[in-house]
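Handing you this structure, nothing more for now.
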Amino acid sequence: MIYITRRECFNAAHKLFRPDWSEAENLERFGKCANPNWHGHNYVLFVTVKGEIDPKTGYCANLKDLSSLIRTCVIDQLDHKNLNLDVAFMKDKMTSTEVVAIEIWKQLEGPVAGLGCKMHCVKLVETENNYVEYYG
Amino acid sequence: MIYITRRECFNAAHKLFRPDWSEAENLERFGKCANPNWHGHNYVLFVTVKGEIDPKTGYCANLKDLSSLIRTCVIDQLDHKNLNLDVAFMKDKMTSTEVVAIEIWKQLEGPVAGLGCKMHCVKLVETENNYVEYYG
Amino acid sequence: MIYITRRECFNAAHKLFRPDWSEAENLERFGKCANPNWHGHNYVLFVTVKGEIDPKTGYCANLKDLSSLIRTCVIDQLDHKNLNLDVAFMKDKMTSTEVVAIEIWKQLEGPVAGLGCKMHCVKLVETENNYVEYYG
Amino acid sequence: MIYITRRECFNAAHKLFRPDWSEAENLERFGKCANPNWHGHNYVLFVTVKGEIDPKTGYCANLKDLSSLIRTCVIDQLDHKNLNLDVAFMKDKMTSTEVVAIEIWKQLEGPVAGLGCKMHCVKLVETENNYVEYYG
Amino acid sequence: MIYITRRECFNAAHKLFRPDWSEAENLERFGKCANPNWHGHNYVLFVTVKGEIDPKTGYCANLKDLSSLIRTCVIDQLDHKNLNLDVAFMKDKMTSTEVVAIEIWKQLEGPVAGLGCKMHCVKLVETENNYVEYYG
Amino acid sequence: MIYITRRECFNAAHKLFRPDWSEAENLERFGKCANPNWHGHNYVLFVTVKGEIDPKTGYCANLKDLSSLIRTCVIDQLDHKNLNLDVAFMKDKMTSTEVVAIEIWKQLEGPVAGLGCKMHCVKLVETENNYVEYYG
C-alpha cells in the first residue's frame, strides 16, 4: 500500500454567517469571517489516495488522471467562485474549512474509486496558519 | 543606507469589472476574475523602507512601530473585507493588484516618513504565481 | 471526526547539555547544540485537534479560541525566551525538540478538552530540515 | 513513542518508459515523463523514524547520525545522478516516485534499526504538486 | 511605472560539461554537475515586466496573456526536456543557470514588447539554495 | 552583467540591549528582544554577487567556491553561536538584523572580489515577517 498526494489550488470568496441569526450574533460567533460583503482566500487542496502499485507502470495512480479528476469534480466548481452562492454542492451549507473539506471528499470518493485506488485524505489549507484534514 | 522589509497578510474578496461595461465584456477582459459574486485571495504584503541606522539601537526602523503603522493604515482597512465595496481608499477604483499596491503606498508614505525613514517598495503578492512591485 | 490544525511561531534560545557531564562530553554528544553561550531557533508549532463538527457553526473548534489558548498556555511562555532558563514547564528538562514537543502537549491537553475537542498531534519544527511529532 | 523527521534533498534526472513498449506507447502512458532524453527534479526526501526518548539526551535519535546515514545510504547514490542509469538499487525498476520511495525505504530500514529506532515513513516530494508516502 | 511578475515552473535534465575538455577536466571544474548521464531540477522562473497602468483595466499587463506568452516561448521548449539536447535556443551553449536565464530573456523580449510593456528581470531558481537574475 | 545568489542558513542566539541603559530602558526600546537570557532565530542569508559570464564555463561565479567562502567567512562564525558573545566581528556592536547584515557584507567583500566578481547584496532574513537588505 502506498499513498500519493496531488496539490491543486483555488481562489474563492466566502463568509461565515447564518441567515437565521442576527448580524450581531453572526459577528459575535464568527468575528471578521462574518463580514457581510464577503472576504476570500487562496485555498490549497491536497488530495491523498492510496492503493497498490501497478508493476508495469510503477504508478499507484496516474497523476495526470488524478489531477484532471480533481479539476473537473472540484476546482472547476470552486475556483474564482463564491462558496456560499455559486457552488451547487455547498448549497445551504456553512462554508467553514471543515465543511468544505468534507464536501470535497464526497465529490471525489466515487470518481477516485474509478481510477483503481481509494481516497485517504482531503487536506484543505485556508491560510498559512490553519488547515483541516478529513479521512472519511 | 539600509533597506528593511516587514511582511503582513490580509484575506479579502474582490472582483475585476467595470460597471460601464456589459457582463460579457467584463468576462472577456477579466476572465474568471470578473465573476459577479466575487472571489478572493490571501494577499501577502511586503513593505520595504530605507534609511540610516541609528547607532544607539542598531535599528533603521523599529519593526514593532512599522508593523503597527502598516496594520493601522492598511491591514485594518483590507483584512476580511471586500476590496470593491468596503475600503474607503479603493472607492471607485479597479481592484487589480497593481492599483491596490499603489493605493497601499499612498496610505503608508506619510506615516512612514514619521518613523524617520522613507518608503522604498510595496510588494503585493496575490497568488503564488503573481505579484506586483511599486517604487513610488 | 475531523482534524483541524493551527500554526503558531516562537523564537527562542536554548542549548543541549547536561550539567552532570563535562563540557567535552556535552560537545561530543550534542555537537554544536552544546555551545555554552546558547544558540536559537524560529520554532514553528502545529497543534492538531480532532472532534465532531457543530452543525450550527460548521466548526470543529473555533480557531480564534484555539489560537488564544495556544498563545496563553504555550507561546507566551516560550516566545523570545531561553528554553533552559526562562520556562517553568521546562525546568530541569532537556530542551531537545522531542522533549519540548511533549511538554507543549501536556500544557495543551486539558485546555483543549475545554474547547470540546481532543488533542491529536503536536508537531514542532526546529529547522527546515527537522521536526518532531507527538501523538500523546 | 515519538516521531522525528529529517529532510534531505537530491537533484536527479530520470524518465518513465518501458523498453518493451514502443516509444509511442510510452508517450501515451507516461506523457511528457517519457521524453527519451530525460528530464529531472529537485527531489525532497522526508524520513520519519519513531522510538522512545533517551532520558539522558532527550533524543529519540541523534539527528546528526540519522542525517549521515540517509546521506550515505541514499543521497550519495541519487544526488546529481540519473535514476534509471546510475543507481544500483534502482536497476531494472521503474523510476516513478512510488517505486523510488519504496526502494529508499529498503535502503534505510536496516541501518535505521541500528540507531535504536524504527522506520515510520518515507515521504518523497517530486514537485510542489505531488508527493508519495510509504509506511512499509 | 509598476512591475508585475509571473511565476512559471519547468522540470528539466541537464549537465555542465564541455566536449572539448576531458571527462576528468569536466568533473574538476563542474563537480557533480558534470555527471555524464545527466541530472535535473525543478526550475522556477520569475518573469518581471514593467509599464504604465491602463486606467480602464487597472492592468499593467494582462497576466493571462503574459502567462500564455511565457508558456509558448519558454516553458513548452524547456519543460520535461533535456536542456543540452532538446532545446533549439540552447544549442551549443552551456546550460548553467546564468546562460539559461539570458537565453530565456532573449526569447521573451520581443513578445513582451508586443503586450505593451517592457522586460525588467528574468529570475531563474535552480535549487532552493541558488538563483540567477538578469536585467538585460 | 548577471546576478547570482547563494542561500546559506545559521541558527543563533542574541539579544538587543545596551549595557549603558537600564534593564527597564532596554525593555522599553527593544521589547521582547531585550530578554536578558537571550532568544534566537533560524537566520537565512542570501548573498548576491554580480559579474560577467565566463564563456568557457557559463559561470559568473562557481557556486561551490562562493558557498565555501560564505561558510568559512560567515557561517562558521555565526552558526550555533551567540551573536553578542561569541562572534569576533560583532564585538561591541548591536546585534540588530541591520547591523549583522552590514558586518556580514564587510566579511565577504574582499574574498568575493577574489572570485572575480563583486558583492551586490546581502539579504538577511530574521523571521518570515522581516528581513534586511544591504547594498554596500
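By letter and in written order, the chains are A, B, C, D, E and F; residue numbering begins at 1 in each of them.
Throughout what follows, a residue touches a chain if its C-beta (ideal position, glycine included) is under 8 Å from a C-beta of that chain, and two chains touch if they have at least 3 such contacts.
Remember, it's a predicted structure, so these values are computed and weren't measured experimentally.
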| item | value |
| --- | --- |
| Joint neighbours of chain E and chain C, given as chain labels | D, F |
| Equivalent-chain rotation between chain D and chain B, CA atoms, steps of 5 degrees | 180 |
| Candidate from E-F, A-B or D-E with the same interface as C-D, over half of contact pairs in common | E-F |
| Farthest chain relative to chain A (centres taken as mean CA coordinates) | F |
| Interface composition of copies chain A and chain D: same or different, split at half | different |
| Distance between the centres, which are taken as Cα means, of chain E and chain A, whole angstrom | 33 |
| Between chain C and chain F, centroid-to-centroid distance (C-alpha), Å | 28 |
| For chain D, residues contacting two or more additional chains | 128 |
| All pairs of touching chains, each written as two labels joined by a dash | A-B, A-C, A-D, B-E, B-F, C-D, C-F, D-E, E-F |
| Residues of chain D defined as touching chain C within the complex | 1-8, 48, 53, 56-60, 62-64, 67 |
| Touching residues on chain A, where the partner in the complex is chain B | 9, 11-14, 32-33, 35, 37-42, 79-82, 85-86, 127-128 |
| Partner chain E, residues of chain B touching it in the complex | 16, 18, 29-31, 93-99, 101-102, 128-135 |
